[in-house]
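In what follows, subunit A forms one complex with subunit B and a second complex with subunit C.
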Partner chain A sequence: MSADVPGVDSNVTAGRRPILSVSDLCVTFTTSAGPARAVRGVTFDVYPGESVAIVGESGSGKSVTMMALLGMVANADISGSATYRGSELIGMEVSRLRHIRGSKVAMIFQDPMTSLNPVLTIGRQMSLVMQAHQPDLSKKAARTRAIELLDQVAISQAARRCDSYPHELSGGMRQRVMIAMAISNNPEVLIADEPTTALDVTVQAQIMELLGDLRRDHHLAMVLITHDLGVVAGAADRVAVMYAGRIVEQGAVGPLFADPGHPYTRGLLDCLPRLDERHEIRASIAGVPASPMSLPPGCPFAPRCSYVESRCSESEPFLERHHETLSACFVLAGDGLAAAAVDG
Partner chain B sequence: MTAIAVPAARIRRRRPAWLRGPSLIGLISLGVWALVAVTIPLWTPNDPLAPVAGRLLGPSVKHWMGTDALGRDVLTRTLWGARISIPVAVTVIISAVLIGTIIGAAAGFLGGWVDAVLMRLVDITMAFPPILLAMAITASLGPGIRNALIAMVLVWWPIYARLLRAQVVAVRQREYIDSAVAIGASRWLILRRYVLPMSYTPVLVNATMDFGQVVLLTASLSFIGLGARPPSPEWGAMITEGATNFYQWWIAASPGIAILLVVLACNFVGDALRDSFDVKEVTR
Partner chain C sequence: MKRYLAIRVAVMPLLLFGIASIVFVVSRLTPADPLVSIVGERNLTNPQIVAAARARWGLNDSVPVQYAKYMKNLVKGDLGTSFTTRRPVLHDLLDRLPATLELTFVALLIGVVFGVGLGVLAARNRNRLIDHVARFVALIGSSLPAFWAGLLVLYIFYARLGWLPGPGRIDPRSVAPGHITGFYTVDSLLHGDWSMFVQSVKHLILPASVLGWGVVGIVTRLVRASLLDEFSMEYVRVARAMGLRERTVVNTHALRNALLPTITIVGFLFAFLLTGAVLTETVFSWPGVGSYAVEASRKLDYPAIIGVTILGGFAFLITNLITDIAYAVADPRIRLS
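Up next is the complex of A and B:
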C-alpha cells in the first residue's frame, strides 16, 4: 500500500520502506463442507518501529493472516503476497522460512499455559531456541543470555527461575518467558496473537506495559492481534479492523476511535463501557459473525448492520476514504458522508 | 478429636507408585534374577550340563528341586536359565523399542504417504497372532536362540510403532509445538526435544510389561523346539524335557515357577508405572 494511507504518519514513513508488507492475501481452507474463505484479500504494511493492531471477532481471520505469512497454515490454498524486507514469504521453502521465524519475525501466542514445552526447564528451552538461530553459541553463553533476557522481562531471581519448569510458574510469568523467548534472537517484528487474553486484568496491564517498553528499547515493530479495543487504544499506532476475512476499516488510532467510518467499528466501540456515560446495559452487535463457509452476497456485515441499504447486498464495498480513515462501507464512506453526519 | 490427627507416616512424602507395594517386590525380584544371571558362574552349586547324581531323584536337601532324566541338578539348571532368558528379553525389547520408535515417530511426525505406508506395514504384521508369526519366521530362518530372537524383534516392533505414532500425532497438535515453530525451531529439534519426550510414556509402560511376555515367548519357542535346544538350560526347553517325565513334576515345575516369577514381577512394575504416569498426566 502506498504511503498516502491515512493514519500512516508521513514523518515516520518518509523515505522508509515497510518492513512487512502484506498484499491481497487470501487463505482458503478446503473442508468436507466446501471451501472456507478465512482470509479474503488482506492488505496492510508494517513500518519499522511501528505498532499495528489487528482487531476483530473470533473467526474474522486475524490469526490466520499472521500464521499464513509465517508459513504455519497447513492444508490451505494461500494466494497473494507477504514480504519481509522485500523477500516473498508466501511459498518460501521451509528451510529458508525457518531462519526468518524467530530471528526476523517472531510470534507469541494467546495461551501461555500451553505454549511452553512442559518437559524442559525454561532456561533450556530458551537456549535451544537461541542455538537454533546461532549454532555456534555455547551452552554457557546461551544460559547467560537467557538469564539476561528473563531479567529484562522483569522476572525476579532470573538465575533461579532459569531452572524452573513451566508448571512452576504463574500465567503472567509464563507469558513473560514467552516474550523473552520471542525477543531472544533480536527480531525486527513481533507478532503478538492475543497476548493478554488468557491473563487476568492486572497482569494484562503489566504485560502490555512490558511489550511497550521492549518495543521502544529494541525498536521493534509490533503486530498486535486482539479483540480488546481497550488494549488497542493504549498500545497501537494504527488499527486495522477485520471482519469476515477482510479489513473493513483501517487508520490511525485517534481518528479511528473518534470518528469510525464503518458500522462494524462503531458497533465495537459502542460495546465498550465508558466512564463519562451511564448505561445499565452495554450495547452489543446483533446477530452472529458471518461464516467463512457461506458468506452473504455483497457486504458480509450487511445482515447485522443498522445502516443497511439495498445496494449493500448487491456488491461488496472496497476500502475508501472516510475522513481520516479508510473504510469499506457504501453508506458511511465515499458518498455516504451525509449519513455519517446525520448519525453524529 | 483424635481422629483428625494424621499419622506422621502419612504426612511424609509418599514414594512414587513404582517404588511401593507389589511394584517394589517386582523390582527386587527382577533385580535378583538379573544378579543371578550375571553372577551364577561364580557360585554355581553344580555343573548345569553334567550329571551330578542319580536320574529323576525327587527334591532333597542336597538337590532342592531334584534331578532330571540325565541326573542333572534341576535348580542349578533353572538358575542358569536366567542367563539365557533375561539377556534375550532385554535385547528383544530394546531392539523392538528402537525400531518402533524410528518407524512410529517417522509415521506420526511426517504424516501423509509415509504414515500410510508404514502403518499398513504395521497392520499387516499385527494381523498375525504373535506366536504364530514368530514360529513361522524362526522356522524359516532355522531353529536356534539367535533366530528366535530376530523373529521376536520382528514380531514386537509394530506394537511400539503404533503406540508411539498415536502419541506423536496427538502431541504434535499441542500449542507449544506451534509456538516452537513460530520462533524458528527446526523439525528435528521439535521432534527430539518437544514431541518425543511427551510421547514416550505408553511405550515405556508397555515395554516393561512386555518384558515378561518376551520371556514367555522365548520359552514357548524353545518348548516347541524352535528356540534353544536341549542340553541348553533354557526354561522352555527344560519344560519340554520335563513333559516326558510326567510323574517327576519338579523337572517342569522348576523352570515354570521361574517364568511365573519373572512375568509376574514385570506386570507388577508395569502396572505401577502406568499408574504413576497417569497421575502425572492428570495434575499436569
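Up next is the complex of A and C:
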C-alpha cells in the first residue's frame, strides 16, 4: 500500500517504510471435511508508531492472519507475503522466526486466565521471555527488570507480585502481566488479539488506556484485533474490516466511522450502543457469518446484505475507492465513485 | 495444609487397623489348614504332635479370640511369629525390606528417567517414527510378563554373553557387606569396599531393568498423553509466541504441568513394587519382601501373610502422603487450599 492510499495519514507515513507489510496473504486449513479458506488475500501495512485495528466477527480470519505471519499456524497452506522490515516471514525457519517473535513483534492474547502457566511464578515467566532474547541476562537482572515492567503496567507491590502465581491475580492484573511480558524485549510491533474481550467492562477501559499510554511512551506500532468497533474508536488510527477471510473495507477511523462504504461495516456500526439514541433492542446483522468451508459465489456477504443486487452473487468485489475509504462492494463503493464523478 | 497433613497422619493407625482386620478375616476364611506347614505332612497323623502344635500356635482358640490376641500384639508392634522361619515376622520383614527397597528405588529411577525421556521424545515427535518406536518400547515394557522378560535377559546377558552376573544380590561365594542400612550398594561404599559396590551394582542391573521397564511403559504413556494435553494449552501458545526456544517451552513450561499426574502414578508404583515385585524377585532369587510373600502364601503362613499385607498397606499410606506433599510442592494452586 503506498502513501496515497486513503486513510493513511501522510504525516505518519511520509518518507517512511512500513514496519510490517502483509500482501495477498492466504491461509487454507486442511480439515477432514475439506479445505477451509480462513484468509483469502489480505493486504495491509503497519507503519512505525501507528495503530491499526482489524475488526471482524469470530471466524473472519483476523486472528489467523496475525498468527500466520508469526508462523504460529499449523496444518495449513500459507501463501502470499508478510515482511517485517523487509525480511520475509512466511516460510522463514522457526529458529530464525523465534528471534522476531516476542522480541520485535510481540503478541498478547484474549484470555489472560489461561495465557499464563499456572505452576510458574509471574517473575519466572517474565524472565523466561526476556532470557529467550537476551541470553546473557542474569537471573537477578531479569527479576529487577520484571519488577520495573510490572510497575510500568501499574501493578502495585510489583516486587511481591513477581513471586505470585497466576491464580493469585485477578483477570485484569493477569492481562497487565501479559502486556508487561510482551513489552519486556522492547518490541516495535504489539499485536493485541482481543485484549479486553475476557475482562470486566470497567477493566477493559483501563487496559485500553494502558495500551495507549505504552504505545505513546515506547513508540509502539499496534495491531489491535477486535470484534468490537466501540474499542476501535479511541485506540486506532486506521481500521481494516474483515469478513470471510478478506478485508472488505479499510480506512482512517474518522471517515470509516462517518461514511462507511460497505454494508457490513454499516451493520457493525449500527450494532454499537449510542448515547444519543435509546434503542430498546440493539440492531444486529441478520444471518450467520459465511463459513470458510463453503463460501458462496460472488460477495460472501451477499446472503446477509440488505443492499444486495443480482451482480453481487456473480463475482466477488475487490477493494475500490469509496469517498475516503477503500471498500469491496459493487453497490455502495461503485455508487460512491459515480456520485463523486457527478459531483466533480 | 499443615492441619490437613496432621489429620492424615492421625488417621493412619486406624486405617492400618482396618487393613489388618480385613486380612486377618480373609486369611482365616481359607479352608486349608496351616498345620501341614507347621508340623509337616508326616506328623499330621501323630495326634500328640498336632495337639502340641495347635496349643503352641494358639490354633485351638476361636477365631475371635485369635483376632483379639493378634490385635493386642499388633499394637505392641509384634506381628507374630512365622510358622515356617520360626522367627518374628517383623524381623523377617526388616531383614528383607532393604533388598526390596534397593531394587525398587533403582527400578523406579530407571523407570522415571527413561519413561519421562521417552514420553517427551514421543510427544515432541507426535505420530512420527520416533513416537511409534518410543510407544512400542513402552508397550513391550508394560505387556511383557516379568518372569519371561527376566528369564530372557538372564539368558542373554548372563548365560550367553556373560556380561552380567546371575541371580542373587551378590555372587554366591561373596560375603555381604556389614549391615548398616541393608542396602548393599550403600553399605559397601560406607565400608569403602569398592569391588563389593561394583558387584552389587552389577547384580542390580538386570532385575532393576526388568522391573523398571514395566515402569517405563506406564510413565512413557502417561507423560506423552499429558504433555500432548499441555501442548494444546494457551500458555504454551503464548510461550511460543513470545519467542521461547522449543526446548524451554517443553521442559520448563509444559513438562512442569505434565509431570503432576506422573507424581501420583510413581507414588503408587513405589508402593506397589514394594510388595508386588513378586515375579521379578522370584526369577532373580532376590531375597526381598516379594519372594517372602510367595513363600508365605505357599505355606499358608498366616502371620507372615498378614505381616506382608500390613507392610504393603503401610507403604501405600506413606507413599500417598508423600505424593500429596509432592503434589502441593509442585502445584501452587493446591498449596493454598
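The rule is simple: the second predicted complex is superposed on the first by the 334 of 344 C-alpha atoms of A that agree within 3 Å, B and C clash if a C-alpha of one lies under 4 Å from a C-alpha of the other, contacts with A are read in each partner's own complex, and residues count from 1 in each chain.
Keep this in mind: contacts are C-beta pairs under 8 Å (C-beta built on N, C-alpha and C of every residue); 3 or more make two chains touch, one makes a residue touch a chain.
Source: prediction; values computed, not measured.
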Fit or clash between subunit C and subunit B when superposed on subunit A: clash
First, second, both or neither for A:159, with subunit B first and subunit C second: neither
Which of subunit B and subunit C A:72 touches, first, second, both or neither: both
Touched partner set for A:167, first subunit B, second subunit C, both or neither: both
Touching partner for A:293 - first (subunit B), second (subunit C), both, neither: neither
First (subunit B), second (subunit C), both or neither touched by A:107: both
Residues of subunit A contacting subunit B in one complex and subunit C in the other: 70, 72, 94, 98-103, 106-107, 109, 111, 114-120, 128-129, 132-133, 167, 178, 181-182, 185
Complex interface listing, subunit C residues touching subunit A: 233-235, 237-246, 248, 252-253, 256-257, 260, 330-333
Interfacial residue positions of subunit A with respect to subunit B in the complex: 70, 72, 94, 98-103, 106-109, 111, 114-120, 125, 128-129, 132-133, 167, 178, 181-182, 184-185
Complex contact set, residues of subunit B against subunit A: 174-176, 178-187, 189, 193-194, 197-198, 284
Subunit A residues within the subunit C interface of the complex: 70, 72, 94, 98-103, 106-107, 109, 111, 114-120, 128-129, 132-133, 165, 167, 178, 181-182, 185
